[in-house]
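Okay, got some structures for you below.
Two complexes come next, and they have one chain in common, subunit A, joined by subunit B in the first and subunit C in the second.
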Partner chain A sequence: MLNLEKTNKSLKKTLIAFIIFLIVVGIWKPLALVYGIQRGGLYSLIGLPLALILGIVGILNLAHGDFLTLGLYIGYIFFNSWSIDPLISMAPLFFILFGLGMVIYSILIKRVLKAEHLNQLLLTFGISMIIIELIKIIWTTRPRSVYTSYASSVTLGNMSIGMYEFIYPAMAIAVLVILQLFLKKTRLGQAASAVGQNPKGAEIVGINTNVVYLVVFSIAFGIIGVAASVMLPRTPVFPLSGNPYTLKSFALVAMAGLGNLNGILIGGITLGVAEAIVQSIPGYEGWSDVVFFGILIAVILLNAYRRPES
Partner chain B sequence: MKKTIFPIITILAIVLLIFLPYFIGAYLLHVLMTIFIYMTLALSWDMMLRTGQLSFGVAGFFGVGAYASIITCSRFGFNPLVSILFAGFFVALIALGLGFAVLKLRDIYFSVTTLAITMVFSVIIRNMPRLTGGASGKVIPNVIFNGDSTKTYWLILSLALITILISEVFNRTKIHFAINSIRNDEIIARSSGINIFGYLLFVFLISSVLQGMAGAIYTQQYRFVSPETTFSLDFLLLPMAMALVGGIYSTWGSVIGALVLGFASEYLKLFMPYGHLIIYGIMIVLIILFLPKGIYGTTKDKIITHKIEKKSLSE
Partner chain C sequence: MKRVFLVMMSLLLVFSFVLAAEKPIKIGAVNPLGDITGDQAAKAMKLAVKEINDAGGVLGRPIELIVIDDEMNPAKGAAAIERLATVENVDFFVGGMGSGVHLAQIPILKKYEKITVWIGAATHQAEIAMGPDADWYFHLHPWDYQQGEGYGIGWTEIVHAYPEVKIEKVFLAYEEGAFGTDSYTTYVDLYEEAKRGEGSWKEVLKEFKGASFKSAALGGGDYRAMLNQAKAFNPDLFIWAGYDADAIPIVAQAKEVNFQPPLFVGAPPGWPADFGKNPLSENVILYGMWAPTLNEVSPVAKHFYDAYVEMWKEEPATYFAPLGYTNIYFLVEGIKKAGSLDKNAIIEALRTIEYESPLGEVLKIEPSRIIKNQGFKYQKILQWQKGRQEVIWPLELATTQLDYPFKFGK
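Take a look at the complex of A and B:
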């Protein structure tokens, strides 16, 4: 309980710093703030499932972004074959990826839970490659897109802002709230948090860790499905469209710290805004990717050096 | 007896490999060159893995070496061979600098940081169009040795042989014990007086230089670089799959894996122009699940147990 108070205090500090950062950017570059919040919302929405799997199951899923791509393609099929709107196909997509998560967990992940980290990383790397190549075989590398009437830009004065993109932060917050409710209020969720904190201890008090892992893994995959359907109207679909999000999501988790789901949202929006600022400087648009990787490397190194060597 | 046979076989194999271009066709020679490049990458990746550090930075050093070679060639008029050596030197400098930062990291943090560094390299190169040609890449007018594939083959073969030699030196001298103990338990390694950071930096440096030179030779062969193709994750995934299939922590594992997967994917290309690389992904997954020691490791274990059984029976 003492610990909780301390984290509450540090959370308040981060929140205040975060809000000041947003206000400063809002005055300096309002457009960058808007873009940044939209994009940061998307990053957080995609980062949440990775954080969930890494925090509770303890596996870094390097195929994360590729399952997102797979979700995009399934959403595209729904739209193209049965003309179902991406926002409506969100529900079936959630369940399809939920099921896929169950299958992947039971067939593959379950076998390497106790193995070395090296093997786990390599396994998910292999899965990532299989998905990319499978998509190339089935759908070729031709980019596809989904057009919906509502996902177009609105012109305000002399700048155009996409109104649809505000759905990203909204969905991120909604998913975060639901996840927190699940983890705090339901029995299964509480068990999941316990497993995340101490798997051996959880097993000793009689929690079936295997079931918890299965459910958490599948829920995380379901969220990937939701993210895919939300981003579908504004994202070109090609075999590598989700791939960069794997590292970006991990950057968020490394920034927020394991098990800190709220931090994902704060970190995501901070990084999104930082990226938008770099992009708004003429001549330096291409450097925006460095923001993410640079921050990822910096945070990991800082953490490593802050820890006393032992 | 075994001690005298082994060097003879090795020398025979090397002589055979050197004179191979006179017996086989251009296509097979080309396939072999590609396989040797990947073999170099696989072995150098495995060298780092033997210290317990899973590096995802192979493609990064490969690409930096490639660009260093091409740029010195086209801008400063270096001789291609000199530019390849320069690429090795340049990569060594970068690896030295990075090594001091990243080699304190362990586990997934080391892996992910090396992956991120690869991305940073490619972003930096994409955004320096005056020097590197930006996103569209850069072409140099001449292929190395004016397209003489026999000489190119010898160049690539010598890099592969040097890599094998270094790997064997690592495996047969006291470095082997140091590296093994770092991988198994760092606390014990440190209490035995092993300079962990020193060894890690040494291996990291050597493996990065080999990767950089492989990249330099590869692009001199095709005279073309671009951020997409040169930093392609294929240069990370394929070597990893090769080392895994053959068997990690050993020289011959990577060699066997490179040959098996190299020829298999070349064969598959005929049937599946799109996505024949899926074989690598499937191999990685299957090997991790069912054969964690790879082909070489598993057969070696089988032979050893067989020998022990024989011995105990005769006694």
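Take a look at the complex of A and C:
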């Protein structure tokens, strides 16, 4: 009970600090705030499935970004071959990636669940390499893209802001809400939460952990498909399109803490805004990665400092 | 017995002459086959070899082309030269694309000193590494400083030819890596020259500003902060130096932030597969050595294009394709003119021939800053119009008029 109260207080403090941060940035650099929220929303949307797999299945999927690339190529095929808008192909992409997740889990991941972490990492790293090379063989390294007409922007004073990118935080919030509802309100979701917290205990009370892992892994892949669909109108498609997001997603999970899905959203937007601020300062554009990972290190150290206290 | 022996010896002599006459002349090529530039350059080289062999070869001998993939890896590129020299025993080296790979190959090339005709590597660092004494080395691609000088000449001539075009303020957006930073340094030097009233940019570069961005190819892809800086500067000429992955999003985001410079120039090494189909490509200007529209003004370009499409059932999409074709033909013309495989005779011949290339220009060798044998000097200024790359400059090769000013949704 005491712990729960402490957690709620801590969450409130984090939320208040987060809101104050956004207000200050909004007054200081309004454009950076908008860009940061948009970009941070994308980081969160892509980071959520990685957090889900890592938090419940316990696997760090190093091929996370490459499955995102694969999703982008499938979306590109839908658009190029059948003129299906990326936002419409979101539904088939969810199910295609969901199915792919089932296959990958059943054939490969399942076999290494009890293996050393290093072996798990090597396996997913191997999958990543295979995906990249296969994509190069099939589609070459030449970037492709889709053109959609919804590139509207609004002008406020001397600022022009693209509207499409607001879909990223909107989708991240939607996915987060659906995931929370799934984890809290459905039996399978509750079972997944239990497995994430204590897999052995869950097995003892009769939960089929294998089914839980399979479903969670596949749902996470489905979300990668959704992320690929919303990114497609604004992202060039080439073999390494999604690759950098693996590291950024992992950084977000490390910052938010294992199993903290809400933290992924807050962390993503914080890092996105921090990046946007740095990029808006002339002459310091190249420092954005330094700031991104600098903030990450600072948060991890702060968490480590807090934990022994509590 | 003596007669039989003599007949046998005579037969052996004739047979060995025949064998020697038919022994192919070996050309070793190193290209990045996983990339479209290397893939199409190698295909164009094979096309040239086929045409030459179908026409009876050179010096009565067929040409054999051995292609090795450097995988854009400097170590593999260097090992490929070593293998071509020692295992394959090639007579000549050709090929090339990336500067990094070539820098690693130069010490190996210097070790064997075989005649080398290279179509890649634009960095002047490669010229420095090769040095002034390598008379066996022929470099066909323009060096980076030559390109910068060429664009200055091009824009100045365009300003004179089109009175409505005004260029005074130039903004360079460059990717954070070596390629972009090198471009920025080059432009800073050109600006300093122009301020002193010197160099090819002196008439069209009164104010200059640059800003970096992280390329989508390297995990970036958000250019809005940089584009807002450019918008505030209000340039007459906006140039971005990045990769093909940046091409679409940079224009899309420029539209979103309502940044519409009169001249919007992209300078990536290649363009996305479907860039021309994208409505945002309209009136975007690019730098390059070739465009399919040259078929309309150059019979050699048309011959190359048609033959390539017929042989490979695909369109050449990068200037490395006609450059690869030129690579083989230029070398073979030199061998033909020399009349033998004597190294000095071929070097002398290559220095004097004038080869009408499918790039729309006559290729002839002149010294550059350091090396003695430099081929092409400048790139062309092209513009996307209705999905086609049209040549705007050199004016004598122009396939259409410049569409000015750049405007979204034309």
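Note that in this section the second predicted complex is superposed on the first by the 286 of 310 C-alpha atoms of A that agree within 3 Å, B and C clash if a C-alpha of one lies under 4 Å from a C-alpha of the other, contacts with A are read in each partner's own complex, and residues count from 1 in each chain.
We adopt the following convention: a residue touches a chain if its C-beta (ideal position, glycine included) is under 8 Å from a C-beta of that chain, and two chains touch if they have at least 3 such contacts.
Here the structure is a predicted model, which means the values were calculated and not measured.
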item: Combined model on subunit A where subunit B meets subunit C, clash or fit; value: clash
item: Partner chain in contact with A:217 - subunit B first, subunit C second, else both or neither; value: neither
item: First, second, both or neither for A:67, with subunit B first and subunit C second; value: neither
item: Which of subunit B and subunit C A:136 touches, first, second, both or neither; value: both
item: Contacts of A:78 with subunit B and subunit C, given as first, second, both or neither; value: neither
item: Which of subunit B and subunit C A:254 touches, first, second, both or neither; value: first
item: Subunit B versus subunit C as contact partner of A:117, first or second or both or neither; value: first
item: Touching partner for A:286 - first (subunit B), second (subunit C), both, neither; value: both
item: Partner chain(s) touched by A:98 [first = subunit B, second = subunit C, both, neither]; value: neither
item: First (subunit B), second (subunit C), both or neither touched by A:35; value: second
item: Identified clashing stretch of subunit B versus subunit C [43-51, 61-69, 133-141 or 187-195]; value: 133-141
item: Contacts on subunit A seen with subunit B and repeated with subunit C across the two complexes; value: 136, 140-141, 286, 289
item: Subunit B contact footprint on subunit A (complex, rising order); value: 60, 108, 111-112, 115, 117-119, 121-123, 125-134, 136-137, 140-141, 247, 250-251, 254, 284, 286-287, 289-290, 293-294, 296-297, 300-301, 303-305
item: Partner subunit C, residues of subunit A touching it in the complex; value: 31-32, 35, 39, 80, 136, 140-145, 147, 151, 153, 155, 160-162, 164, 234-236, 238, 240-241, 243-244, 276, 279-280, 282, 285-286, 288-289
item: Contacting residues of subunit B [partner subunit A, same complex]; value: 49, 54, 101-102, 104-105, 107-109, 111-113, 115-117, 119-120, 123-124, 126-127, 237, 240-241, 244, 272, 274-278, 280-285, 288-289, 292
item: Footprint of subunit A on subunit C - complex, ascending; value: 34-36, 39, 176, 211-214, 216-219, 221-222, 224-226, 228-229, 244-249, 252-253, 255-258, 270, 272-275, 277-280
